[in-house]
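Okay, so chain A shows up in both of these, paired with chain B first and chain C after.
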Partner chain A sequence: MAITSVKNLKEFSTANDRFEGAHTLCPGCAHSMIVRELMNCTDDNLVVTTNTGCLEVSTAVYPFTSWDTSWMHIGFENAASAAGGAEAMYKARKKKGTLKDPDAPVKFVAFGGDGSTFDIGFQWMSGAFERGHDFTYICLDNENYANTGGQRSSATPIGATTSTAQAGTHSYGKKEKKKDIVAIMAAHGAPYVAQLAPNKWKSMAKGFQKALETEGPCFINTVSPCCTEWRFDPKDTIGITDLATDSLMFPIYEIIDGHELNILYRPKNVIPVEDYLAAQGRYKHLFKPEYRHVIDEIQKGVDEYWEMLQRREEARV
Partner chain B sequence: MAEKFDLNEREVWDGNYAASQAMRQAKVDVMAAYPITPSTPIVENYGAYVANGYIDGEFVMVESEHAAMSACVGASAAGGRVATATSSQGFALMVEVLYQASGMRLPIVLNVVNRALASPLNVRGDHADMYLGRDAGWIQFGAFNSQEAYDLALCAFKVAENHSVRLPVMIHQDGFITSHTAQNVYPLTDEAAYNFVGDIDPVDDMLDFSRPVTYGAQTEEDWHFEHKAKQHKAIMDSVPVIEEVFAEFEKISGRKYKRVETYMMEDAEVAIVALGTTVETSRVAAMKMREQGIKAGVVAPRVFRPFPFDLIRDALENVKSVAVLDRSSPGGAMGAFYNEISAALYTTPKRPLVTNYIYGLGGRDFAVQDAIDIYNEQKANADAGYITTDIQQFSGLRGPKLGFFQTKRS
Partner chain C sequence: MQDPKLCATEKRGLHELEAGKDLMGWDEVTQGSVLPSFEGDASNIAHLKQEERDYSHFNSYTATVASWRVQKPVFNIDVCIDCQNCWVWCPDTSIISRDKQMLGIDYDHCKGCEVCVEVCPTNPKSLLMFSEQEDLETALSQWPEKKKKEK
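On to the complex of A and B.
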């Protein structure tokens, strides 16, 4: 069924379903919501590549596959290169006239978790963006190496405890701030870059569509709450995402051509980050008196970033 | 439609240029590459052919060799003809993806201009990179000169893309000695070359959306073993296809290739087994030994993978003493090539004496006299009936002689 609008969730849920519900992702994992929304928001043919990670190990376990479209996984770091290679071949074959269905539109999409996007696959993604392949890279950002049991990545926020940046009597968890991947990808001069969240499903679908329709490399960082490693009840995934977007820990915005910044969601009532942190086991230790200062530091960072986004939106530079 | 490229019946090409002309004539659709000495000219030339309209393809200049092979994997699964080139450290960086490419049964062609592996950093030719890829599930051809680098590159596509093979293929040539030495090369016409290679008929084409395919699935202990066994069987079963392709190539070119190349082996008492340009050096030495009445010969696998276990035995079982030359630092073992040749010969009734020479690391010259010295030691072994030297020796090393292990005599 063709997607004509994303106004009605019920209608949207009956759209062209190319991502099967049968997979082994954790109950409550936001990855499948995000991936399904991407696959549903277009009727174009899709070539999807995926870095090693939760999504990959849960959707293509031989002899099964959840992907009712062309799909490839090579390694932890190279989904962007694979998508770029496939896109180059598409161009070469289109020119030579060797495609089976030369008039059908084809879109190229690469998925990666934050580990493969922010860390191990960063160079491969950056290279593909510099070369200008016509594809969309979507990061499923759950802020840790969840597939291997919750190690820190450069997407892990300050103060979170992970197995390799543990909170303890002498540590409040990760000491370093999260890498600002959206700004970095915008700095590549990509025509479309955004940060989106599955609770704001309409803006997410619209952002996906915009990225797919835009020629050139587009980047979207999606917030993907991880009930297993963030430590919350699987039924609360969307509730946690609401806290993430309403506390502005994850502001929803887009950057067009590297400079035109638009805020896509302005919470009516901005909640303190404390409410977001308190809902997750990974921040529990921050509520001890000796670590309260970290909560203040996080709040300060969020306030400053929101201020910066608003100023940039206003300045249009 | 590509521009016509004028070729003479006889050209003077170095190995790199010869390989790049084969890429042009095979009409490679996508070359994803990263430059590294000494293989850089192969990819530069492809880029120049694209820039000047001599080929209708996409030249994807990526940011590392790992990305180059990754993009080749994506491109190959998208159903067209794919090739690239690399050497040494670049090859080492590619290794992860080499295994993934062969595991996905993608017919990628990789020109490897062999070069030493650091450290210490060295740009000259040895076979350390080739050895690093020997378990990667790729078919490996060895070219000993520019003509062969050209011929075997054309054959590589035809073998790789054959539906009963569907495996990636490497063509090896020696860094600088072959890659940068201009020699006479007799190319085919563009028409004859392309008629020989033919159009690619892709299997599991990611751009055929009527039949979606999943590449790179997860398998654990339940299925991984069966997949790897099937892959091994595919490479072992590629032998008749390789032989057919070589036979077909002989018909159009007059140049004959065999899985194992033998030189004066009919009555040989002593033999050198080698790879790369050393084969030609050893042939000259063998000729000189024959002038002195010593029955010397040379055996050289043209196809390194699948390893020609059968033909190695046929060629060497009646020889008295065999020297196996490894141009790679063995890192605490006998040379890998020595071990493979020895394993084959252990299953023959006469079990020739087999010694191991480590030589030519980092481009150290291997001269005719070095081969003559080795033949003389083999002759002494043959006459004595046992290995008279250390079983593993370093040939051409400065300073005191270096060798390990002596034969056990009852």
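On to the complex of A and C.
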């Protein structure tokens, strides 16, 4: 595979963009930062499929497309099935000798939001992983159904207010904890699974390259701050991501072959989750005295998870 | 209106199958919509810079979102250290970097989100926001001095 050098940003910046502007994602949206990085980290031909969500809706506004690769949209839930089908057909045609350019390197990539990944498209994704297609699934995790007005998904963390789990006098927002999608996908026995973040551009580019290079189904959850639904100023997208990774709300790590866990980023100064929560409107109500206990609960959950990750990294099991 | 009972014959399914013989096969149906991003052969796109590509009119590169902006980032090349932070994090592919050098902003695609200004590490910053109406020369003439570090 022809990978772009990501040794430093200067070298990386010589990549020729294959994700074009004048899409209609909100100003400051992290979805496109992540997609651009994926498309810039390789020279290979890409076949990309996308579930319905902000990314799909905003990059294919008829009569325009922002994709300089083969790109396909079919439904909300089946980007993984479509990528798997395209990959199976590619393999079959390669065997039959009916490909126009059989030596051209091709990679298959599926994008989905957290709504389509954690909930509505979960079965389709799980099936494609079980069948073992050679593709990379990337979840753009903004912790809500952003494209339809910010409903809660099973990726929404406890305590966040959403349009269907609203905070008010009787509620502190969502009551349930976030689903651990990374562990679930690792449990499929996938050869490469990771959680990455756009502020750590180098570990993200390297993780993407590893996933593209690895044969078999690979899964990456990326944190994708959504200024509109998380309620922060668009200019702060990277700053918010820094708070997310440095508070360990979003630890950066990979799991190889379902068991070998490597932590990819250890913050020098771990900040309290309170600092991360305080920077976003969706957690504002937690700072009222009656809901402060939720912040403690979130911090406890984050501490326990970090402890678990470190132990698993040591144990290599 | 047709009597609904007329349709409810035992043979209905068969009739439809017969009629179906003249319909298009699943492999003959044309796709709902196919938008070619480029004119002609696009197999080498990853190795071509934007200015070397033959974009089709379907490609959003040929469209503009300039009207979204209220403020615009202005680039001061004299302060820039070519770190490429702005390039990697611009969500709208609007930082024009060529051969490891930051050259300027693509105002057709920039939405004025200010992310590039936030991530620019120089002192003073090499990118600053100005009103959309401000002309570039006036903006550059108002560039702030280097800020002393607060103790």
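Throughout what follows, the second predicted complex is superposed on the first by the 310 of 317 C-alpha atoms of A that agree within 3 Å, B and C clash if a C-alpha of one lies under 4 Å from a C-alpha of the other, contacts with A are read in each partner's own complex, and residues count from 1 in each chain.
As a working rule, a contact is a pair of C-beta atoms (placed from the backbone, for glycine too) under 8 Å apart; a residue touches a chain by one contact, two chains touch by 3 or more.
Just so you know, these numbers come straight off a predicted model, no measurement behind them.
Of the two partner chains, neither chain B nor chain C is touched by A:154. Residue contacts after overlaying the shared chain place A:310 against neither chain B nor chain C.
Of the two partner chains placed by the overlay, chain B and chain C both lie in contact with A:45. In the superposition on chain A, contact of A:27 is made with chain C only, not with chain B. Of the two partner chains placed by the overlay, only chain B lies in contact with A:96; chain C stays clear of it.
In the superposition on chain A, A:62 makes contact with both chain B and chain C. Legend: residue contacts after superposition of the two complexes on their common chain; A:106 is shown touching chain B, with no touch to chain C. Of the two partner chains placed around the shared chain by superposition, chain B is the only one that A:131 touches, whereas chain C remains out of contact. In the superposition on chain A, contact is made by A:81 with chain B only, not with chain C.
Shared interface residues of chain A, touching chain B in one complex and chain C in the other, are 45, 60-63, 65, 67-69, 101, 104.
Per the touch definition, chain A reaches chain C in the complex via residues 2, 9-14, 16-25, 27-33, 36-37, 42-45, 59-69, 101, 104, 198, 201, 234-239.
Interface residues of chain B facing chain A in the complex, by the touch rule stated above, are 29-30, 32, 56-58, 60-64, 66-67, 70-80, 82, 96-97, 100, 205-210, 212-219, 223, 227.
Every residue of chain C that touches chain A in the complex is listed here, in rising order: 33, 35, 37-38, 42-43, 45-50, 53, 57-65, 68, 82-85, 87-94, 97, 99-100, 106, 108-115, 117-119.
Interface residues of chain A facing chain B in the complex, by the touch rule stated above, are 45, 47, 49, 56-57, 60-63, 65, 67-75, 77-78, 81-93, 95-96, 98-101, 104, 106, 123-124, 126-128, 130-131.
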